[in-house]
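Before I ask anything, here is the structure I am working with.
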């Protein structure tokens, strides 16, 4: 049995050479190979700007710098409204604003320039690609951040409107943290429940303010002068904010006020019921932002049509796993397929060990054939993984028969169908051996 | 095997013709066919007023208009109490109120007129039907909205009482949103737990105000003059509203006040424990209001007695499903039976595809015989579905043996017993074929 | 097969005669039959005072009257501290207090008199029984309510101490609602977690007040004069009460204040995490208070030793079930044994129907032999059930081998081992019949 | 079969003698036996200071005294900042501080002296052990508490800095309560989710304060003078603290203020979603602090390398179980292995009973071979147990093959492989007996 193991290891090494785990040669494989200096620079910039979480140092520095620049802009925006600060540091604020607009403009143009290196889009012409790219939500936010400044040079725009657009700079953070995106998805997914809770709250508000108006408006004709004005007290009380600027003073008013406070406790239960479970579930699904650049690095995805890719990006869960963690045990029920964005993973089969790294995927065979895990999978370093859960995997190959064929074809092409198939060969060979004896 | 498929498709098309998926001919099938103009108009109005979510444009416009009219009434009610606004726009408010009463009266009378087209009630005479209809909760709310106005024309009614009845207009929203209804059901279902939590809160309130009274009433004889007065501070503190109009000032008073604030945190846990889990569960059971008109459109239900129908409406879960979603996979355990209110659904059997639309039902065979799903079910468009979960299904056919017979009879009558039975035929035929060879 | 059914029904009726489903003849069976008037009255009073939830009208009226009397006492206590009210209605308050003490004394003495009719205690002499009974928590609370009044007649007691003892009247409600008892059990069960949360809160409070003291005590030497004084602000802010009587005014103070408010949000999560899940679980375990009188009505329990009974009362879950609800389906896994306190239940076996009522138990056979339910169990009326969940059942018969023997003996004695055994007989008979043919 | 039982009992008793359930002879077994008075004292002090929860009276008294001393220090720290108190009791505060520092210093030095008796570290020389011990987190906190005092004798240190270090005394509590440690682990484990929630909150805060600034800064140029200043209102409102020192007064400002309050309700849901579920899960994992001294008492662990032990201490769950509780039933799926820190446990096999006490472990056989429990395990007294859950057990023996060998070797060495193996022997013997007949 020993020669069989020796035969296998070189095959694996060859495979690791072929897989795109060197970030800088990825566009070479898939881009339009004209090979001049500009194109080399563009490919390098593509990795820095779009690939994300590749372990590339320049990319990490760029991301961090942008996050700090955005936060500095937001703080500057808040500080600049202070008359004293504006008077003293007005020039500095203006300069910082100009520099920021410059950097944001440069970033926008660069992103537009390098996007044609995005593998799933390479089948279209450069103009079409850049037009489609400019219409993605992230690029539209980037445009909304810089456009008002240039328009204000051409037309006279109200300063207030300009300020509101400056607030949008905060939204640029969605490119770097999954939190705002996650909250957005939770609120969208629960929109009917939230609308329902709002109706309940509005009803409670209406009845509270109507009754307190009836009880208090004679004693305090100013504060409780109408149902509309009483709503200010009602909303502050029901949400338990309780400013105390307006309080009931009559005995029946206070009695009813006490009831309203107790109802307020119940009102808390509604948004918590709706948002907390959804948010807790979603926030653990995405430890980092899944960018198209990341997905494009997985060899399996490079042949998929952009429409399928768009579905796929939504389905993927992004997990950061500490080194030494056991992702799956041999014999477990397979519940997901994994793609390695950064890090190394060890697969321990019954009688041999395999190491996978960036760009590799594992676990698809067990999902495809609904078999148990044939290896214990342990992380060898801090890993960023993309997981495609079993139900989403089945949904994908059920909605897109083309994806199924591609996965099956790729498993066949790979030859060794890394994780599982060897084991079966061995079993088959063992059985053959048993027959021989 | 090819001719067998060809033989089956026409049968399905014939069936789709027979099923009531054209809203306007539904009453024709089941109503008393006198065929004159008034009856045609009544049938059309029945669809607009009562059928709901039928994809009927007039019905949607009517629903939306009513929601806006109700909200406008509520806002007008709140604004009218403002002396300044009442002085300036008093005539407009009065006019708007008159017009609204007119529309609500018309709506009430129309609903009473068309209700005899409600299929499950058609066995009774028109007077009996209208009397029973007028006693349903929704109709009683509608009556409470308009009646006080007419009574005030006959008798002198206190303006305050009239105002409280005007608040009831808000409750008309229950006909259009399931949120208030859902909350009501949660509060009813958890009434014992809520009563228990109220006793705990009342106890906490009593002990807090008694002890703070003992500690503070000498230092602040006005604010903490008695246990009853101290309760105002205690309730504002325990609910964390904290107006700050009355605060303890002595050292022991503040020490105890700090403890009361900490207890307040625990008090929040009680309603959250009780309401949130129940509300989260219930709010997802009903994405829209299930009306009798909706249920009446399902051919399966038209033979059921009104008493069984009333049970059934309570059991149904109403779900909005996006296009392309997989409702069930072939081989899944059957957990519910479905009725299509709006939209199209595709059933993918092993070797053929079936499409179902409005008024159709699917999944009842798998529930009846406790078998696995024989088709993968995918939505082809945005669907409004009514789901009858398996335990409720079993409860229904266990409590009402008549319902069981009806479902079995209907499956038999349909001939092709659409979703599942064909498969069995095929298996039988395949076996026969195997024998032949 | 028909004669077999006829043969069985009379047996069942006979059994229903024997079972103690007539409240008034229960003590007759188990008490010391001296049969004179006083003893008859005592037995009747036992049912009214202690048996609870028996459907006995006098018992319900007594319970309700006591709840109202207790609440009236609590309100009177709160109102009496008001100087104006005390001056005007002082005599009325004193009178009401005297009458209440009289009633509570009478109740206490009556409970002490009738307790010897409590079946599990009948093996002891009257004096021992009464002494043991007087030491139960409920009786000690009752004593604490009346004793201070009588002591105040003998000795001069400080009015404040007397008032605190009057507050204890509220605790008498624990006899009638399971809420306070439930909360107590949750707090006891989670005492380590609550202690842990309190340490976290105290630490947060300490650090907040120390830092705000450092930042603000120069600007506001009065309000933030020391760490101790700053704690008043810190506790009001961390619990989000926010009186607003003391607020930071310097820029660093407000910056840190903002952080403390955000920490406050996190502090809410701790008690909610600890109390809410425990309370939600516990509150549904007990829809009503389980009294010894209730347990004593179940024939199965009358032979059990008081120590086992005490364990059992803790284990039982008390559920109110609406009519028509299905408690278990034929073929379900048995998860609990049930005792009927009030109401009727129908057991539907494969080919016959059985009705059980007050005092009966069902489901113990399936638990004993770990078999599936052999009947579908439906409530025929609103039922108060005591459920002994499977793990508790196993714990009981594992800790008390005597209980196991008793249950087995009782099943044997009953003859028909009502719910399940018949079915087996039938199967046996059917097999015999099959052999015959 | 009777002689076989008799043969077994003495074997068990012998084993109980050998196991280290007498705290004072534990270091004797494992320490470096030089046997003079200092070493005996050191061993005794090791048990008192480090072993924890051993049922040793001196150890419990020491722990409790330390907890009270720490709390007294914290209260003194808070009180001392009060000018009036400091003036009156200044000398007493200084004296108490000096005494405390003395006790803490003594404690620190003693811990450093006795640590060489810690079994897993005995393979290193005393200097290396003490250096490694001094670098553990608990020892570093202890050092940080005493060092500033000694440094202030040598150098002039700002009183404020000294005060902040005095606050650290509170952190000494982590040695005695698992709560702070638990919260720390939850916050670390959920750091990405918390960071995400903070971004959402910061965004909400930014938009709220920007818009309220736009709406209110003309009406209240002081309070809402800039976006930065408006943030004070926004944070107090969003967190529902609601001081009421600054409130919007214009109509649009109040309208928007009402919306912000409602958003505040949603903001509560985020930390509750993140922290509460994690905290509720973690707080029940550790009823007491797991110290190395505890783990060192378990015979099984004394051969493990310190690196494995460090992993193990993290994996163990610490549970307090009341007497009479059933930990596992015969036939249950094995989900954990247990170690007894304090208390006695009874294992009831099919036909015999075994009693285990401090230092013993049970349940490892069932985990090792993935078999069902062969005994019902009941606590005979209040027990402190360390549980190693099945997934952690598998992880441990998968990451450290040496640990697997040790466990297997120990089971073999023990001879009777206490809990499970006998049963199998019996079955084997029974089968043999059956063959004989």
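Lettered A, B, C and D in written order, each chain numbered from 1.
Heads up, the rule we're going with is that a residue touches a chain if its C-beta (ideal position, glycine included) is under 8 Å from a C-beta of that chain, and two chains touch if they have at least 3 such contacts.
Note that the structure is predicted; figures quoted are calculated from it, not measured.
For the touching copies chain C and chain D, the fraction of interface residue numbers used by both falls below half; the interface is of the different-residue type. One rotation lays the C-alpha atoms of chain A on chain D, and its angle is 90 degrees to the nearest 5. When chain centres are defined as mean Cα coordinates, A lies farthest from chain C. By residue number, the contact pairs of A-B overlap by more than half with those of exactly one pair in B-D, A-C or A-D, and this pair is A-D. Put simply, the C-alpha centre of chain B and that of chain C have 35 angstrom between them. Distance between chain B and chain D, defined via averaged C-alpha coordinates, is recorded as 49 Å. In chain C, the residues that reach two or more other chains under the touch definition are 231, 240-244, 268, 270, 272, 274, 276-277.
Under the stated contact rule, the graph of chain-to-chain touches is complete, every pair of chains being in contact. The touching residues of chain C, when paired with chain D in their complex, are 192-193, 195-197, 199-200, 203, 206-207, 209-210, 213-214, 217, 225-229, 231, 237, 240-244, 247, 254, 257-258, 261-262, 264-266, 268-270, 272-274, 276-277, 394-395, 398-399. Chain D contributes residues 240-244 to its touches with chain B in the complex. In the complex of the two chains, the chain A residues touching chain D come out as 74, 77-79, 81-83, 85, 160, 163-164, 167, 170, 173, 177-180, 182-183, 198, 201, 231-232, 235-236, 239-245, 267-268, 270-272, 274-277, 279-280, 283-284, 287, 320, 324, 326, 329, 376, 378.
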